[in-house]
């Protein structure tokens, strides 16, 4: 299966990169923008056809490595490949 | 004193730390490959600066799973002295030996220059040769030194005197201009509650010799040596 | 698809950038028609980039020998003996076009490439420098390019842990569509352990280590060929992505091989990857190499031999192991977590033979590819506009009215302003060797385990070269050497990066040949051997070539290590001495360009004997500890040089009061002219007598022009009648503001 | 409206970060993984209620700033906030 994982900074944590993108967009003339947040997008191709097992694996991966719980949240979607 | 400097793949200040311990401090020091698991006879563990695993994904995120890390956790839990510098600090945060996390510098760029930091706690195994409020001139070199912790963690740090170094101006005031990376509360270095684990972004090993422009950093190594010698006698 | 069966048409030959004549030569070398794979291999190896076909006959002119030379041009990098059984290994290389297409990755992979050139020689890299040229910063695109290039260099160099200790940046519109990114690297090796790109010992195993091969950077000309296009274009990205982490591992692995003495030879896979490394190693050793591409670690499925041979994936090495050592080589790679595979062996028939699962898919004499490619003596003709460029009637220009204003404008111009915005993005301290950081004439690193230090600099002034390529060439060498001398170092070797336009144009070729003559003459006179270098032609967009831009990366030796001098004023009360003479040299100056909007005139003639005397004096008096500071006088002239002496102190700028005798010169020539062979030094009062004695012995004109101190820079120009005819009075703070904030302001506009 | 933008490296472009994550997951015992690719995830909050206009803006932003067309592809989704 394929997992798409989105790792984002928790609300309330200042996101310097998102902030910089926001500013650059403004100088490029994109003015009506309220906020920009930058996160990571991880695509993982897992050799597992069982949805539930795949989900457990993905969750485990995120908890262990892909996201840092002090500052980040994650969310994922699974697709059969 | 026996020093063990951990080499992770991508560490690049490991040899510099080894040089200071071995050639300047004249202590026995060795590089320990991250896949080793023994810290036998080691009195001080240094997690050096660099880009372990390229800093890919997140700084320190992959290195924390190196085989040696379990031994370091064990070593620290028995009071062993652990010093994390720059990337080493980031690894200590990721593995949870120190609280908080590291974000990108607010200005986003890598920054390499000498900064002033202030000693907040001179009563640790790493800082006993300093005095409180002493101002050090010391290099930093990082893109992610913007320390973050939630407010509960921050008050705990304050309460237990865990904030060891803070960025300051040349005369010791805490200004926004003298905070090079946006770090929370100007934090440049913290220790754990038992004081035996220290993480800091500035590089004491780069300011340990007059030919390199500053010797303020050597006092940190002298502090550790002093701690060690006291515990031996 | 089978490349063997693809018919070789005229069209296909042209798409591979080969001329009819070159194709005929291929037929002669092979004694038959090439197949598509072979055609591809010839096309990359005979490209200008790999074969030096337009430059090779001229490069012979460079002096490449000297007592200290351990390895001259012809290897991955040059090497110079620095005593204590050590050699300094260094080279400079360009990554101009990739950096224009994708500034971040282009510059990053440029750093990766030059690092590999150094550590394949068995040397641990200890310093990087970068020489950059961009269009003016008021154009957003140029800022974007600069930002990308700087972060690319910073990312790669910082990550791998080699300090970027210096370099240079200059701006001119001419580089807007063709920026230059040249990177210099230096490493240290035990002299008798130097590794070379050799493939000796018939039957010895050939190994591939490092990153897997993908379809990166496969030659642009060949991409147009749809005969092998079974996938979409998107599958053949022309941009390579660097992996500094992997390169750091490769570096450590290579040094471990050296320590354990496991190798016969090694070469990095740079341009034309697998092909160039294998045929060059075989050719140098008068052997052959046989490879089976089926064993090549691939990143993508279904890669053809053609693609594998031409891929320019980064962070890969080809090596020949000593007999019986291949397993140990592989074990070390695995310890560090990198791929390694035995892909072939050394043969005795002089052929580069490529197989795929045992079946031969290409077979070419290695020498035909590496050494016997085409050579051109292209037509040379001075351009008609040359005379117009050189003619300048200074008398028609008004002399300077407000010197203070002009000085501030010069200090603010990005070419002269402080480059700290750039250099602080580079880790310039990792390795704990950096004694002099970016910001002085040359950067200095100590060599641990010895009492020596090495000074390094990169220099080149393309406007001088445009106006007079010969003088420009000599001035570039002189300035680099003078920068080293100001730090206390004796120049011991140089690596040159020759960035020029289209060599098929006779005027460009003329610039090339004449500039090279200037460089050669100056190096010969100053006794500095050229041990490595790089030629980058075709720096041209829409028919417009860049200015001729030779860049020199020069290395000097300091011994004992502590006798180092920096450019900034140190103590109030020190006397300021001007060494060398100021003449009416306004041609080609920054002043003319910035204030009068002219890039015209003849650059100042360089008297090599005088230059040498000045440098001897600098080195000798630094060794006798007579100088407190020494700063080479170049772009912006005396006024800018003095300002820099005041300002560049890392934490304590100092003022100075200066009195200059006019000596029948225009005031602008006196203050902003760029006469060569000059330096500003400071001497403490008690050392002045000894210093002036040596200056006299060496025949160098030395005049005391002022004193360090106060919070202002004041310069007063006095005529023979003792009347003051020009005056400038600026608080150091004002100068600092102009000079140190300007770059950032330009970038953030 | 809110835009969620996914920026990924083009197929065939080497992804050192994805590779390192893949290897790290393998050493952590996640063995049945074929591939990991790392991309960016940008959330932009735009003051624009017209779907079509918002879409044009987002596309424009991506082309100009958010994605590097030489090595990256992008894709986006729009939601009313």
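Annotations for the structure displayed:
A, B, C and D are the chain letters, set down in written order, and residue numbers restart from 1 in every chain.
Following the convention adopted for this analysis, a residue touches a chain if its C-beta (ideal position, glycine included) is under 8 Å from a C-beta of that chain, and two chains touch if they have at least 3 such contacts.
Everything numeric here is computed off the predicted structure, so don't read it as measured data.
Chain pairs B-C and C-D differ in how many C-beta pairs they share in contact, with the greater number at B-C. Computed from the mean C-alpha positions, the centre of chain C lies at a distance of 37 Å from the centre of chain D.
Between chain A and chain D the centroid-to-centroid distance comes to 9 Å (mean Cα coordinates, whole Å). Centroids built from CA atoms put chain B at 30 Å from chain A. The multi-chain contact residues of chain B, meaning those touching 2 or more other chains, are 53-54, 56-57, 62, 65. Under the contact definition stated at the top, the residues of chain D that touch 2 or more other chains are 16, 20-21, 24, 28, 38. Touching two or more other chains at once are residues 243, 245-246, 337 of chain C. The touch graph of these protein chains has some other shape, matching none of line, ring, star or complete.
Taken in their complex, chain B has these residues touching chain D: 53-54, 56-57, 62, 65. Touching chain A in their complex are the following residues of chain D: 6-8, 18, 21, 24-25, 28, 30, 32-48, 57, 60-61, 64-66. Those residues of chain D whose C-beta lies close enough to touch chain B in the complex are 16-17, 20-21, 24, 27-28, 38. Against chain B, the residues of chain C that register as touching in their complex are 151, 154-155, 158-161, 243-246, 248-249, 336-337, 424-432, 434-435, 437, 446, 448, 561-562, 650.
Looking at the complex, you find that chain D touches chain C at residues 9-16, 19-20, 23, 68, 70-71.
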